[in-house]
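Two complexes follow with subunit A in common, the first pairing it with subunit B and the second with subunit C.
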Partner chain A sequence: MKRFSIGALAVLALAASMPLIFHNEYFFFAAYVVLQFVVLATAWNILGGYAGYVNFGSGAFFAVGAYTAVALYKAFALPLGLQILAGAAASGLLGFGVGMLTLRLRGIFFSIATIAVAIILETVVVNWSYVGGAKGLPIMRPTETPFFANHTVWLFFVMTLIAVVAVGAARFVETSWIGRGLRAIRDNEVAAECSGVPTLKLKLAAATLSGALMGAAGAPYAQYLSFVEPTSTFSLNYAINALAMPIIGGMGHWIGPLIGALLLGSVQQIVTVTISSEINVLVVGVMLVVFVVAAPEGILGLFRKFFPRRKS
Partner chain B sequence: MPHVAHPAFLVLGAYATYLLTTYGIDPLLAGLLLMPVFFVFGLGVYQFYYSTFEGRGSDQGLRGIAFFFGIAFIVQVGLILAFGVDQRLVDADYIGTSVEFGDMRIPQRMLVAFGVALALTSALALYLSRTFTGRAIKAVAQDEGALRLMGANPVRIKRWAFGIATATCAIAGALLIIIGPVEPGLDRLYIGRTFCVVVLAGLGSMSGTLAAGLILGVAESVVLTTAGTAWAPAVAFGILLIVLGVRPAGLFGR
Partner chain C sequence: MKFRHLLAAVLAAFSFAAVAQQPVKIGMSMPQTGPLGGGGKAALLALNMWVEDVNAKGGLLGRKVQFIAYDDQTNPGVVPGIYSKLLDIDKVDLLIAPYGTNVTAPIMPMVKQRDLLLMGNFSFDANAQIKHDKWFNNAPWGAGALAWGGTFLQAGRALGGKSIAIMAADAEFAQNLCSGGRVIAKAMGLQTVYDQNYPPNSVDFSSIIRAVRAAKPDIVFICSYPAESAAIVRAVAELGVGPTVKIIGGGMVGLQFAPIMEALGPLLNGFVNYNSYVPEKTMDNPAVREFLKRYEVRAKQEKVDPLGFYLPPFNYAIGQMLEQAVGATKSLDHKVLADYIRKNEMKTMVGNIRYDTVGEWAKPNLVMAQFRGIKGKDLDQFRQQGKQVIIGPAAMKTGEIIPFDKARN
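Let's look at the complex of A and B:
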């Protein structure tokens, strides 16, 4: 725990000192997206990797966070911190609802139900004119930026903070009895229930936490783009990335989604800039299939295979 | 089998039809011509799936779903790269004309699609209930071990079933592009429609499938005319969610 806290603080300090090293604003613009994927992948892994429930609707959680923030900002001009908390709360609530679905649905049916939730919510937002409907809504960034000279850099730092919290939460879940319970659910839910694991409670907790973290990742999105619009906010790209990154990185350990998101996120940023944004999406799909087929345990699994831990 | 890529194959079928019609082939004929190609393609996909997942006993759960999800995604992006995001149309004699029954005007393309779809579904229902292979396909979903004892190889039966399912995608894709313009992102909506119909019907019930398709179609039209086009996508998913939450066995399931 101690080592992890020190590491987390070091990451935050590094992020805070980044503006001294990099002066190009685009670096922060791109890094923000990568960090956003770190949060999404880590959050997905809590429900998908530990408990084995595949969520195809990550975009919905992300968008609920974003739109909650937008609506509150428009209505009360809430500061960013509160927007993030509100977005996380709303998405957490949605996560709780999706968790209730696990009562009856498993495997592919649960996954399809999450797509259903995403499409229904997208339709609702498209028809919700207060937040711009299908046309979208331009968002004015606040004129004052706390601590940093530049608003993009500030949002980058905020996202780093959210990412650190997300990874910390995932690590806590994984190492505590909650994670043991979730893994038992993944391996055999009936057996887990019979051995006294409170399966429903744990699934609800995992779904809520996972949803809340995705919502927190989405909340600053509108300020980041100065614009919010349903199609890109609910984009399938979030769903596929949130799923692909933990699978490619390795799902058993909290560092897996982190590796997957940093690697895949950076590759995507580079491909988007140098080749095209369509190819970048293709890269994710192809890598997902290749890893699922050839390296089911992800990069972590490959690493363990080639550098087996010595028994001491 | 967690086959979420089925709607993507459907859209693929529609685009393949489009490609053939640019050479002057009638879209329906194109769909028929594509059936064997799609059949073989389906066999290949299943064989690959079997040798990488099922054969190793790791098809349960996450990786199988992720595999098909990835395949669907690749198909979709591949189509965008090849054809762009524009909508595509086909042309034939029966497209654009309509038949009049008193006050009603029914577009002829709709009648053609309706007729072919009905014929295809009936043929499949007959095949599944009358032939040995058809019954074996129904049986493999219930009990693989028992099927093996009856002297049929479950893997071969499943491969065959997957091939047939993919072959129907060719003709269904042709119908899809006959009744309206097609774009690569369409499969996302059809995931909802496909699963809505299948789940509402109850898994494996062919007559239920017809009824469920009818229910969904009517519900979508009602919402389309009362609440506006913007709400239409939610209908199939809304019904699906309600059925999954309330009665996962479906209306006609056992």
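Let's look at the complex of A and C:
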């Protein structure tokens, strides 16, 4: 825990010092996206990786965070920190509610239910004119950001902080009794229940935490883009990336989604800059197919294969 | 001391020469895939033609023009990232907005906060909320929906229409347009018998058309995007919209694109829709005619919209406006250029344009045209006069409106 805390502080210090190294705003614009995917992938892995419940509705949780923040910003001009907390709370509640309704379903049925939730919520937002409805809503960023060169740098730092919290939460879940219970559910839910694992409670806790983290990732989205509209906010790309990154990085360990998101997110951003913006979705697809076929346990699995731990 | 002066002068001359060698970079995102991809590709070809032409004349300020365009997939979510890249990585000197309202809206806050000149590209009321003073939209409809829906609804009224059905896509452009339509309809005393939105990219309109038919409207005002427009035309052909309907159409994007016109052929007969250019005598313009001749050759090679009536002349005109402003001011400073465009008449092949206070055409020139006498799927027929008869505004009129059912027969 001590080593992790030192590492987390080092990451935050590095993020704070980035503006001294990089002066190009686009670097922070692109890095923000990578960090956003670190949060989404880590959050997805809590339910999908540890418990084996595949959520295809990541975009909905992300969007609920975004739209909660937008609504509160418009109504009360809440500062970003409170927007993030509110976004996380709203998406956490959504995770709890969806969990209550759907976590009794298993396998493909649960996944289909999460897609349905995303479609329903997108329809609600499309018809909610207060937050722009289908037309979308432009958001003017604050012109001055204390302590930071500009608002993009500030948002980059905020997303780093959320990413650190998300990875910390995932690590806590994994190494605690909750993680052991979730892994038992993944391996054999009936056996876990018979062994005294409170399966529904654990799944609900995982769905709530996963949803809250996705909502936190979505909350600054409108300020990042200066605009929010439902089609791109509920985009299936979020669900695909949130799922692909842990699969590519490795789902069994908290560091897997982190590796997957850093790798895939960075490759996507580099491809966007050097080749074209439309190729990056292809990159996700190709890498997903390659890893599913050649390395089903992801990069972590490959690492363990080539560098096995010595038995003492 | 003299040597030092000489050295400084030589270095200054070299650095000046180096700057002179650097191209003037103009950047934009353009929908090349997704719902607006068909129109975007044609618009991009026109802009490329302008770049070739201006470079053949020596470029801007004696520097070659380099044009950088990325595909935004008609996805508003990727557009701010593209413009951030254009500004911070590609270091473009001038910006052009993507074609369409939905993809332009997300960059308006960015350009306002960075205080940049942005040449708009067929978007509708994209600056209504932001009110950026360096925004100049090249689109013939002007600000607000009055110039747009007004002509259509007046034509419906002239046919004796008293009730209206409104159907609109749940998207920025369609919603803006239909909001204006509702205001005009109310002012005209039309009774609204049907008013529904549908999700963007819907493909099956049979239930909606049945509901419209059941409501028995006289006027059907539609605000739709390309794939939806084609699906609506097909649904009307298959199911019929009812004998009460005197006029149908208004704001259907896509019925101006050659591939859709070719695919729909005679199913288009009777529909009344907005357009920026149709080959009618009141719109005849030698410069546009000459441009379209050149465009058709290139469009065939590059397999894009072979007619090129709707967007290409206006996109070429965006280049002409930049050329005029940079040439007159001898500057690439956005404030200087914006001041010039605001105060002066811009001479383009689509007409001489003056801008109003919100950066839209001060004198809109949008026409409503009715498809008539379309036979088969021969694309050449759309190049003839009389196939898209202009029914308004009065100054551009080339014929009177015919009720929908008569124009179908």
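Note that the second predicted complex is superposed on the first by the 309 of 312 C-alpha atoms of A that agree within 3 Å, B and C clash if a C-alpha of one lies under 4 Å from a C-alpha of the other, contacts with A are read in each partner's own complex, and residues count from 1 in each chain.
By our rule, a contact is a pair of C-beta atoms (placed from the backbone, for glycine too) under 8 Å apart; a residue touches a chain by one contact, two chains touch by 3 or more.
Predicted model, so just to flag it, every value in this text is computed and none were measured.
In the overlay built on the shared chain, the residue A:116 is in contact with subunit B alone; subunit C does not reach it. Between subunit B and subunit C, B contacts the larger number of subunit A residues.
Contact with neither subunit B nor subunit C is seen for A:168 once the two complexes are overlaid on the shared chain.
Once the two complexes are overlaid on the shared chain, A:141 sits against subunit C while remaining clear of subunit B.
Of the two partner chains placed around the shared chain by superposition, subunit B is the only one that A:52 touches, whereas subunit C remains out of contact. By the touch criterion defined above, A:225 reaches subunit C but does not reach subunit B.
Applying the stated contact rule after C-alpha superposition, one finds that A:126 touches each of subunit B and subunit C.
Counting contacts as defined above, subunit A residues 123, 126-127, 134, 278 meet subunit B in one complex and subunit C in the other. Across the complex, subunit A meets subunit C through its residues 24-27, 29-30, 33, 123, 126-127, 133-136, 138-141, 143, 225-227, 229, 231-233, 235, 272-273, 276-278.
Contacts from subunit A toward subunit B in the complex involve residues 48, 52, 54, 56, 101, 104-105, 107-109, 111-113, 115-117, 119-120, 122-124, 126-127, 134, 186, 236, 240, 243-244, 247, 251, 278-279, 281-282, 284-286, 288-289, 292-293, 296. Across the complex, subunit C meets subunit A through its residues 33, 70-73, 75-78, 80-82, 84-85, 87-89, 102, 105-110, 112-113, 129-130, 169-172, 175-176, 197, 199-200.
Of all the residues in subunit B, the ones that touch subunit A in their complex are 2, 4, 52, 58, 60-63, 65-67, 69-71, 73-74, 77-78, 80-81, 188-189, 191-192, 195, 199, 230-231, 233-234, 237-238, 240-241, 244-245, 248.
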